[in-house]
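Got a structure here, written out as structure tokens. Questions coming.
Naming follows writing order (A, B, C, D and E), and every chain is counted from residue 1.
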Amino acid sequence: MPVLTGKELRIVGFLCNWCSYGGADTAGVGRFNQPTDLRIIRVPCSGRIDPLFIAKTLINGADGVLVSGCHPRDCHYAEGNFYARRRLEVLKRFLPILGIDPGRFDYTWVSASEGQRWQKVVTAFTEQIHTLGPAPRFDAVAPELLAKVAGAISQGGNRVAA
Amino acid sequence: MRIGVFVCHCGSNIEGTVDTAAVAKATLEFPEVVYATDTMYACSEPGQDGIIQAIKEKNLTGVVVASCTPRMHEPTFRKAVERAGLNRFMFEMANIREHVSWIGKNREANTNKSLDLVRIAVEKLRRDAPLIPSKFSVNKRVMIIGGGVAGIQAALDCADGGLQVVLVERESTIGGKMAKLDKTFPTVDCSSCILGPKMVDVAQHPNITLHAYSEVDSIGGYVGNFQVKVKKKATYVDWELCTGCGACIEKCPSKKNPDAFNEKIGPCTSINIPFPQAIPKKAYIDATTCRQFVKGKCGVCAKVCPTGAIRYDMTDEIVTEDVGAIVAATGYDLFDIKKIPEYGSGTYPDVITGLQYERLLSASGPTGGHIKRPSDGKEPKNIVFIQCVGSRDKSLDRPYCSGFCCMYTAKQTILTKDHIPDSQSYVFYMDIRSPGKMYDEFTRRAMEEYGARYIRGRVAMVYPKGDKLMVRGADTLAGTQVEIEADLVVLAAGAEAAKGAPQLAEKLRISYDKYGFFMESHPKLKPVETNTAGVYLAGSCQGPKDIPQSVGQGSAAAAKVLALFSKDMLESDPQISRVDIKRCVGCGKCIMTCPFKAIKEVEFRGQKKAEVIETVCQGCGICTSTCPQGAIQLSHFTDNQILAEVNALCQS
Amino acid sequence: MSEAIAYYPGCSGLGTSKEYDTSTRAVCAALGLSLVDIPDWSCCGSTPAHTKDHTLSAALSARNLQLVSDMGLKAAATPCPSCLTNLRTANHRIEGDAFKAKVNKLLDDPYGGDVNAISVLQALVETVGLDTIASAVRTPLKGLKVACYYGCIMNRPPELMAFDDCENPMAMDNILTALGATVVPFPLKVECCGASYGIPRPDVVAKLSGKLLEAAAGLDADMIAVACPLCQMNLDLRQGQINRAMGTSYRTPVPYFTQLMGVALNIPDAEIGFGQLNVDPRPVLSKALSGAD
Amino acid sequence: MNIINLTRDHDEDFVHRVEEESGQKVSLCYQCGNCTAGCPYTFAYDIPVSQIMRLVQMGQKKTVLSSKSIWLCATCESCTTRCPNNIDVACIMDVLRHMARREGLAAVPQVKTFWDSFLDSVRAHGRVFEMGLLINYVTKTGRFWTDMDLGPKILPKGKLALKPHDIQGKEHVARIFERFDRESNS
Amino acid sequence: MSRLEELKTRIKEALPGLECVIGWQKGYDALHNTPLFMRSAEDVDKLEWGALNVHNPAVYLPTMAGKKVGVVVKGCDSRSVVELLQENLINRDNIVIFAAGCDGVVDLTKVKAKLAAAGTGAGVVTAVSADGKTVSVTAGGKTVAMPMAEVAADKCLRCQYPNAVLADTFVGTPAPQPTPVPSANADLDALDAMSVPDRMAFWRYHMDRCIRCYACRNACPMCVCRDHCIAQSREPHWLSQDDSVTEKLMFQVVHAMHLAGRCTECGECQRACPMDIPVLALKKHLNRTIHDLFDYQAGVDAAAIPPLLQFKTEEVNIKERSW
């Protein structure tokens, strides 16, 4: 069963177990209503999140990816989110050159006590993805667009776009 | 693999908005799922029995339970599958309560999402491998950080239970805030009479090592084997020699320093013992005021000390304590009342905190137990108490209730009447919070028997008029503005996290909330545990607490430590990283980034390779996402497992 | 010399608070603070406008801010706290795009939101500086005991006004201290005087301003220094009405702080304009100053 | 005293309108009374400001909009500054006045008349003409004794101009009012 | 003495203590130089120096770990050596670096395009001469003179390090640093100018052409995983063998992200690509990001820690997004 067609978009979350997954739990315990699109993958630490997981998820057709870890200085493993911050920021800036809207990926910090903040983050991010709409896919680029770009490329030689 | 899926109703908690039967039925389409059912309460005894029975009858080799958060019941179900003969790691959970049924009411969307979450759990489970924990020894010593009543209780209970205890206290004496109180509610017991004997017990207990005037510098290691560096701050007095005779205090020429123990409403000497019942009863020098340090000459204390204990050249010293568990009991600090300038604290000496008022009431305080107002030493007749100063106030980022102020204010009005029979107390309050045995009766007594006038409303401003303080507030029940000409204004300053609490939390690798209070593992079921194994909490460091609650938590934390130490060997969590030696190129990037120094370089057939130290690895997985060739994989969270989850979501 | 600041005197500066305007101009000129008149400025709308509608109120203010922008200046200073509040509130609300659009719909020339509004008091403290003021003093106000009264909206609400302490402001106290005067710790510094209710509800003003006169007298203050035309009018011009209503007999001078600065800086009497006040401060002033010698 | 039937008489739309126009959330108020405690005008109010807040929470539109208090608030910002829940109470009082005007209510008519006279003066001259304002107010209210005693004190000082200082761009200002009237009527 | 002759002399002197020295020699025709592994004095005599030494010899160093070897480097090659040292992949004690100033190398694709334009595209090149300003190529009996500026590799047009950043033996006079020309960044500029959807189409177009030969990876001196590249492993199983655009693009992303903070922009990936896919642009983009975020450049300081293997508790250039 896919996402609810026309209502939901495919949003994947990577959450560290100690803070953000707990924050999402806290939001649940507090019955803070949230959009239903997000599917959460639990990992021990934001430092475990290889940016390539996110790239893979987006290239394979997800409409959005949200990563959340412990606030800087509060990492359960002391340093994981510091590494994550650098790597995720690099990825965030890399995505647009691939043709992926950078708004489809975001990372943030939510602690286990911040149920309301989690609700806010999920709601805002889901809204952001809905504003962007379903993600265009590499394997389904419109023929006209492909022809236009291919034309430009052949003008300038393969290595240069136009 | 033969996978069984159990979808929990959790009564109506899940079933109310998720069609659990439909989820169970649909999972039968997933690869390797051979059995699926919905169940009323998976965690209940019949629920667990059902899982065990299914494992046996259907020859299941792996189990998925879709229910609440794994942070709640993962250990429960792991034990259950283990009872059925499976390795406990051949189990996955899908969180369809906190992450689904409780956050939305759309049954179709929730059912659909639940199925997706089971799908990824199945995909992960298909790539799970049995993991066997290894055992390691436990150092059965415990460190208690903080010597207030919670820490004292934890220390005594652990020591009585036969453990070696290291108690670390930031001040020169233990006792904490309770030692400063005059009486306690609702029994009006003398605070130092009930705390004093416990403090003496600490000093005399053969199992307790006390580091007073000391702070935790750094913490390394892990449950069972922590190494804590403790900074023993220089007291400039050799405590081996000091007998606490007080000759130095008598002769010290620097007498006008604000006395921290008396909340700065009385003076003290630069060399000082905070109060007569101090434990340890040893003098220390405040180098910021001592003339020997400030002016470079004096030396009076050194001259008069009968044992020659004064050491002006003393420096801070670091000692390392190896312990197996740590209890944080660092208490609270008071809200800084200067942050509310309209109450005039800091400007008008007769606007004081409740704790300062305790010192005025206390026989060991600066006024010898006579209530004299700070400005002119006069006995006040009209005393106004203002509640919720730095509590329940969003504008000051202190939205929480400090819990105990209502009660101590009621106590203070009673004591005021006892001290000054012709006095009149006024209490501005918003709500009276008195849920405790004999608590509400106590506040009623303050009004009914002692005539305290309670006014429901806040105070807008306090300003001087002659030698009085005009207190302008509201009586919201009467719907009017009220003014009181007060002689003394006592502010019930709220509790906030102790100074340095976030820094200590970072050293302990535990979480804290936005106010700096430490996070417990579960708000209901694990109130004294943290998410870091071997680290426990007691008292107000977790949130404001009164004395009985703090004492109860001290004992509770001690019980947790005793239970932990009841085994000689602990099992390490086998969810750790492992190196595929064939793939490792020995670049050492994992070694460079591991926060725990849990990876070392080894030689293998003449080539450099990485190797994980099993008991040190904490399972964060930074190494796995750092290694470009994926040679080091975090068990139970391998690349393949996360990729399978990603693929399942992208393909579905 | 510091960068020029546009000067917005406010309507009362042409009438009931003429002496505030003239003394402000003279003092700023003496201290090298260049105030440039805004050509053809109009009324900010004051209290009546915001009690009627927030968009209208912001538009009346924004017209003037845009005039400042047209002058190529980035900041405007006004002596009047009521004008200041309106100008700053307009700026604050205009940060919201929807509100800005509504305001600009009312204006001939749309306002971009790029002009800061501050009080003359703030400019004196922050742009000129207390040290400069102190070194410019020719006649120290030694022996003069002053209660500094800021009025209710000079510093409130703090998020909007973003200057000095909202409960215990000190800017004027610090200036008067720099002039050599003694300031008394006046606890009702920010209590309201009755504002514009002098005409429709004089009873209200009598009670509130009466309390202020009483507090100042209780502290043995020789005079009350003010920074607001409305406060000045209530405390000074209506002092007789207050005395009648409250059964008191105060004769407390209520000069603008700029007038006292004028005395200290030896500004000509005509520009100080003590003669324009109801209770002439000069007798008390000369008594205090001579007593100190 | 009236009994309020909360099932019937709670005007939720009123609550929403107040929240929308003021940008404030009235449910934040927990009735501590700090606004009333600090309000210099409490003595003159018929309903203390904290109870105005309570009545807004309760959706009591008529009681609130016919109160005198909303016309006696001077926007001194004491309530806003000290509210422990960061509610801009003064702004809510402003909004309540706006709503009362729209409902044709003004429980203290002379205050409204004074403010209207002020705005008329601004509309006519671009700036306030103080003398004209006073005359206008006196004419409208018939309160001929208003500040008669001050005349001898102030007139000799030459502070009250007898003729307005019209500004050159007074028609700009007038157009602001005209457009405002058009917008609010459309 | 020319740079080449001096290099030969110095290498011959050092050779007895070394397993071999890596450099360049003439290839199958006059245009194509190929790697040379010098083990004897005769081998050394084959050494070439000049505009046709397009390969980066540093690529061979990690495979020779444990042996004491020499390597001849251009400025850009030396950065790869430094980066390998930074990452502990080779041992400084085992490497002897020979270097000389580099006046730039040609881009064979550009040369071939010029030949094609002159009507002599096919066939074997019989002679090449270069004087720093002009390259003259003889093929099919016809000599085509090409201005060096028009056939130089893009990386040479923006070269910051014409002289080795680290060398044991540096011969001759250092080469001057060329003034960067705007066209040196034409690839990235063009991508920057495109809309995001156009970029997707751009990569879709190129990935359709990718034959997944991994030449880009194999030529990369920083791709030290070699046989254990996750593109071809099942444990972990990052990529399937499916010949789809997404899998092929994912490989390029893996390559680029694994090089983030490590890539020295030697350009070998793109040079090696038989399909002329502009894969270097991805790495250049990441390098720009790394520079913006961490003020860092790979392969210039052997003691520096690559930025993604370290952190600061307060990151000056990373702004937290507010939610």
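As a working rule, contacts are C-beta pairs under 8 Å (C-beta built on N, C-alpha and C of every residue); 3 or more make two chains touch, one makes a residue touch a chain.
Chain by chain, the UniProt names read as follows: A = Hydrogenase iron-sulfur subunit; B = FAD-dependent oxidoreductase; C = Heterodisulfide reductase subunit B; D, E = 4Fe-4S dicluster domain-containing protein.
As the structure is a computational prediction, the values presented were derived from the model and not from experiment.
Colleague: Which other chains touch chain C while also touching chain E?
Modeller: Per touch definition, common to chain C and chain E: B.
Colleague: Count how many hops through touching chains it takes, at the least, to reach chain C starting from chain A.
Modeller: 2
Colleague: Listed by label, which chains are in contact with chain B (FAD-dependent oxidoreductase) and with chain D?
Modeller: Output, common partners of chain B (FAD-dependent oxidoreductase) and chain D: C.
Colleague: So which chain is the furthest away from chain B (FAD-dependent oxidoreductase), centre to centre on CA atoms?
Modeller: Using the mean of the C-alpha atoms as each chain's centre, the farthest one from chain B (FAD-dependent oxidoreductase) is E.
Colleague: Per the definition at the top, count C-beta pairs in contact and tell me whether B-C or B-E has more.
Modeller: Pair with the higher count of C-beta contacts: B-E.
Colleague: Report the chain whose mean Cα position is at the greatest distance from that of chain A.
Modeller: Taking each chain's C-alpha mean as its centre, the farthest from chain A is C.
Colleague: Just the number, please: Cα centre separation of chain C and chain D in whole Å.
Modeller: About 22 Å separates the centre of chain C from that of chain D.
Colleague: From the mean C-alpha coordinate of chain A to that of chain E, what's the distance rounded to whole Å?
Modeller: 33
Colleague: Please work out the Cα centroid separation of chain A and chain D, and write it as a whole number of Å.
Modeller: The answer is 50 Å.
Colleague: Two or more other chains in contact with one residue: find those residues in chain C.
Modeller: Answer for chain C, listing residues that touch two or more other chains: 167.
Colleague: Counting only residues that touch at least 2 other chains, which ones in chain A make the list?
Modeller: Residue numbers touching two or more other chains: 51, 56, 60, 73, 79, 83, 87.
Colleague: For chain E, write out the residues touching at least two other chains, lowest number first.
Modeller: 238
Colleague: Let me make sure I understand the interfaces: which chain pairs count as touching?
Modeller: The set of touching chain pairs is A-B, A-E, B-C, B-D, B-E, C-D.
Colleague: Under the touch definition given earlier, write down the residues of chain C that touch chain B (FAD-dependent oxidoreductase) in their complex.
Modeller: These residues of chain C touch chain B (FAD-dependent oxidoreductase): 165, 167-168, 185, 187-188, 215, 218.
Colleague: Can you list the chain B (FAD-dependent oxidoreductase) residues touching chain D in their complex?
Modeller: 342, 388, 392-396, 430, 456-461, 472-476, 479-482
Colleague: Show which residues of chain E lie in contact with chain B (FAD-dependent oxidoreductase) when the two form their complex.
Modeller: Of all residues in chain E, those touching chain B (FAD-dependent oxidoreductase) are 62, 66, 87-89, 224-226, 228-230, 233, 235-238, 258, 305, 309-310.
Colleague: What residues of chain B (FAD-dependent oxidoreductase) sit close enough to touch chain A in their complex?
Modeller: Against chain A, the touching part of chain B (FAD-dependent oxidoreductase) is residues 26, 69-72, 95, 97-100, 102-106, 108-110, 112-113, 115-117, 120, 502, 505-506, 509, 511-514, 519, 531-532, 575, 593, 595-596, 618-622, 624-626, 634, 637, 639, 642-643, 645-647, 649-652.
Colleague: Please output the residues of chain B (FAD-dependent oxidoreductase) touching chain C within their complex, sorted ascending.
Modeller: 341-342, 344, 347, 461, 463-466
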